[in-house]
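Both of the next two complexes hold chain A, though its partner changes from chain B to chain C.
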Partner chain A sequence: MTEILSLNNVTAGYGLITVLNDLSISLRSGEILAVLGANGCGKSTVLKTAMGLTRVTEGALTLEGQQITQMPAHERAARGLGYVPQNRNVFSDMTVMDNLRMGAFLRPKQFARELEEVFNLFPRIKERRNEKAGNLSGGERRMLSIGLTLLLKPKILLLDEPSSDLSPAMVDRVFQSICEIHETLSIPILLVEQNVNKALEISKRVCVLVRGRQALDAAASDIDTKHLHALFMDGGVRTS
Partner chain B sequence: MIDFAIYSVTVIAIWSVLALSLNLQFGMTGLVNFGQILPFAIGSYAAGIGASLGYPWWVGATAALIFAPLFSLAVILPAQRLSQDYWALITLGAAEIFRLTMLNTPSFAGGADGLNVPRFGDSLTALYVSLGLLAVSFFFAERVSRSPFGRMLRVLREDEVLASTLGRNPIRYQASISAAAWIMAAAAGVAYGHFSGYVAPTSFTVTETFIIWTAVILGGPGRNIGVVCGAIIIQLLGVSSRFVAQWVDLPSDLIANLRLASFGLILVVMFIYRPQGLIPEAREVHDAERD
Partner chain C sequence: MAVDFVFSFQCPEYFVLQVTINSIIYASEIAVIAVGVSLCYSILRFANFAHIQLAIVGGYLAYSFATIPGLTLPLPLAVFLAAIATGLIAVLIDIIVFSRIRHISAEGKMIVSWGVALFIRSMLAAIYGGSAKVFDVPTEVIVCQGGIFTTLDITVVGVTLLLMVLLHVFLFRTRTGSALRALASNYELAVTRGIPGDRLIRLMWFLSGALAAIGGSLFAMQTRLQPSLDLVILLPVFAAVTIGGMSNVFGAVIGAIVLSFAQNFLIWIDFGSLFFGEPWHIPTQLRDYIAVLALLLVLLLKSSRAGGEKK
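Up next, the complex of A and B:
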């Protein structure tokens, strides 16, 4: 499998604060790579760095072999990076339909057809298409956020804690949708997740971060949750 | 009395254009511009310098409309990676730098003495020009507000980062609307220069920016008709303070300071009790019928 997105020896952070230290992670085509770690270890920063939302002081990022280290976020989106943030992931004052139109900005002609694909994936979103996004439940917002990102026709999905603040039933539904997207659209996914069991269930490979550094990179099937606990004695990893 | 009414309406029209200009930037786009007086000063000084060099009025006006958007880009582009707080400080600093430059270049811009600008033929001409400018500015601002471009500006105001991750280039939108808004304010500056017949650094202080902000906050950020109403109320308060000075035995300096204090009070009251302004922006739920 070829590497589609790579962070090579990246040191990055916000302002004067460094969060990622000399980190190297690669996402390969056709896989779901889960990034795990305790709270504050820099998981979300990996995705923000991939999307161009942090300050990279060292190292390089490549997308399909092309340098994107200094590329602004909107150009990365145009090149195929689809980012679903954990919070503030929809435009609350706009309707569901208008949110989806935002996702279709780069490809307006295909909107009608691709909208149906999103509605097929998330029927609940179709039902609530004329409501304000701010009135949706947490799970519905997450679905809308994934849906509008899919309208960008991304080559890669960057998912930031899709299970956070959701009920167990909703977590199951969201993860089921993620698997469906991965299988039917063949999109590689870089997944940041707190729910270790769920992440291990759907991912092929796992990367564990400790204080912004890579502590483990292994196949998901080889991961022993006791080993994970040992890695994160300071807590923050939910395994059940 | 008629002359006073014509004078007042002319002033109101010019300040309404300034309020509309700030509304395009702050109300619709969320750009905090604390140097809104800068494009206005550019317009006035272009009129004054053009006249002092012996050029006809339209040369100064054209120069204003060219230089104002260029200045806006010079201010906004270096600030593109900074947060809105810094953007506010940069615009504030740019306006002060311009004012101090004019103050310290007497051979070019008249220094503290300022420059004479040929007045409009009569007060009615000034009135018609100012009202015409207001009408054009209002029409333009409304068109922007109702267009897909205007919707995109509001999206950026709501969440610039999310918009950029969806493939939108925030700087392109912000630079475009700033350039348009600064042209509008510069045109108001040209009209003001020819209306007052004089430009000097004292007319373009931070206080003037503060007055424009008061009009926008009072009227309703994001709503064109609201900010025009805000400008009308603020300017009526301003001109009516002259009558207050006649009724009460207070020094004119004190009256002027009380007027500014009243604007400050208006800001505080609005922020606490009605932050959406007197005529709030319609929080429309788009396209419910269309879909």
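Up next, the complex of A and C:
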């Protein structure tokens, strides 16, 4: 499998604060890579860095072999990076339809056709298409957020904690949708997740972060959950 | 006309009509400028005080285009060209100043905008001098059902209405306008959808600069053009924007209407007869203090609501 997105020895953060330290992660074609770790270890920052929303001080990022380290976020989106943030993931004061139109900002001509695909995947969103996105429930927002990212026709999905703040039933539905997207559209996914069991269920490979550094990179099937919990609890850097 | 004017003072219903007319005209003058402040705030999240100076720049440019010997363009064309030129000046200010301080706090940007405003004010005084310039606008007085207004007043209200409709169509019916709304709603999400944030911010600067120029020209036509006109515009514009909700573009229009009606009606009401038996009105010189009061009230209400939510 070829590497499609790579962070090579990246040090990055916000303003003067450094969050990621000399981190190297690569996403291969056809896989779901789960990035796990305790709160504040820099999981979300990995996705933001991939998307160009942080300040990279060292290292390099490549997308399909091309350097994107200095590329602005909107150009990365045009190159195929589809980012679904954990919070503030919809345009709250715009309608669901306007949100979806913004999802298709780069591909307005294909909007009508591809909108149906999104509605097929998330029928609930179709029902609420004329509502303000700010009035949607947490689960509906998450679906809308994934839907408007799919309208970009991304080559890679960057999903930031899709299960956070959702009811168990809604978590199941969202993860089911993620699996469907991965299988039917063959999109590699870089998944940041707090729900370890769910992440291990759907991912092929797992990367664990401790204080912004990589502590573990292994196949999901090889993961020893006790070892994983130890990494989460004591924050020590270990290798499998 | 004089008879009608006296008549309107004597009959409350005519006076109400006149105060309403005056309020609509004043609200129109404020609204065009206030909308630009809101447009900027909605995306960049800071109150740009230099916007008022852009309105004055627009007024001076329109005056220059209309009066410089050899140029003397018709007034509508002069205002149109001034709007484009001021829009470009706003973009230039962004390139030179504001684009370099995007990362700093809103308070920091606001202080820098004061600096930019003072710089523009000094430049205007140096170029045009401090004496007042008067637009030569042919206007006629119209008396209708006891209400008095001028053809210029009709133009001011008409232009404002037209601009608001055009702005609404642009923001809500075009792809670029929707993208601007998306940036205002959630900048980070918008750029990750492929919306070119920096390019659209420049467009926003152009639009707000152009609106400021038209608003400033209309204001100057109704009064006089001089560098100190900014002091007359500043308070009502920022009061209107605050009342309407800083980041709500069309809320600024509502704010302008509310403020204008409040100012005109509070001055009209005979508080003396109501409470003490002797006639007494709020002096018209205190008109601006009503704007300050409205501003304070809205800020107090907002802060108390924010405090309540925090609890």
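Please note the rule applied: the second predicted complex is superposed on the first by the 233 of 240 C-alpha atoms of A that agree within 3 Å, B and C clash if a C-alpha of one lies under 4 Å from a C-alpha of the other, contacts with A are read in each partner's own complex, and residues count from 1 in each chain.
In this section, a residue touches a chain if its C-beta (ideal position, glycine included) is under 8 Å from a C-beta of that chain, and two chains touch if they have at least 3 such contacts.
Because the structure is a prediction, the values reported are computed rather than measured.
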Task: Side-by-side fit of chain B and chain C on chain A, or clash - done: clash
Open item on the list: Going by the contact rule set out at the top, does A:N130 touch chain B (first), chain C (second), both, or neither?
Closed with: first
TODO: Could you look at A:P108 and tell me whether it touches chain B, chain C, both or neither (first, second, both, neither)?
DONE: second
Task: Which superposed partner A:G15 touches (first chain B, second chain C, both, neither) - done: second
TODO: For A:M51, select first, second, both or neither according to whether it touches chain B, chain C, the two together, or no partner.
DONE: both
TODO: Identify the partner contact of A:T95: answer first if only chain B is touched, second if only chain C is, both if each is, neither if none is.
DONE: first
Open item on the list: Quick check on the superposed pair: does A:L152 touch chain B, chain C, both, or neither? Answer first, second, both or neither.
Closed with: both
- [ ] State which residues of chain A lie in both footprints, the one left by chain B and the one left by chain C.
- [x] 51, 53, 72-74, 77-78, 83, 85, 88-94, 98, 102-103, 105-106, 148-149, 152
Task: chain B residues touching chain A - in the complex, by the definition given at the top - done: 151, 154-155, 158-159, 161-170, 283, 285-288, 291
Open item on the list: Per the contact definition, I'd like the list of chain A residues that touch chain B in the complex.
Closed with: 51, 53, 72-74, 77-78, 83, 85, 88-95, 97-98, 102-103, 105-106, 129-132, 148-149, 152
Open item on the list: Under the stated contact criterion, what part of chain A meets chain C in this complex?
Closed with: 15, 51, 53, 72-74, 76-78, 81, 83, 85, 88-94, 98, 101-103, 105-106, 108, 148-149, 152
Open item on the list: Looking at the complex, which residues from chain C come into contact with chain A?
Closed with: 103, 175, 178-179, 181-182, 185-186, 188-198
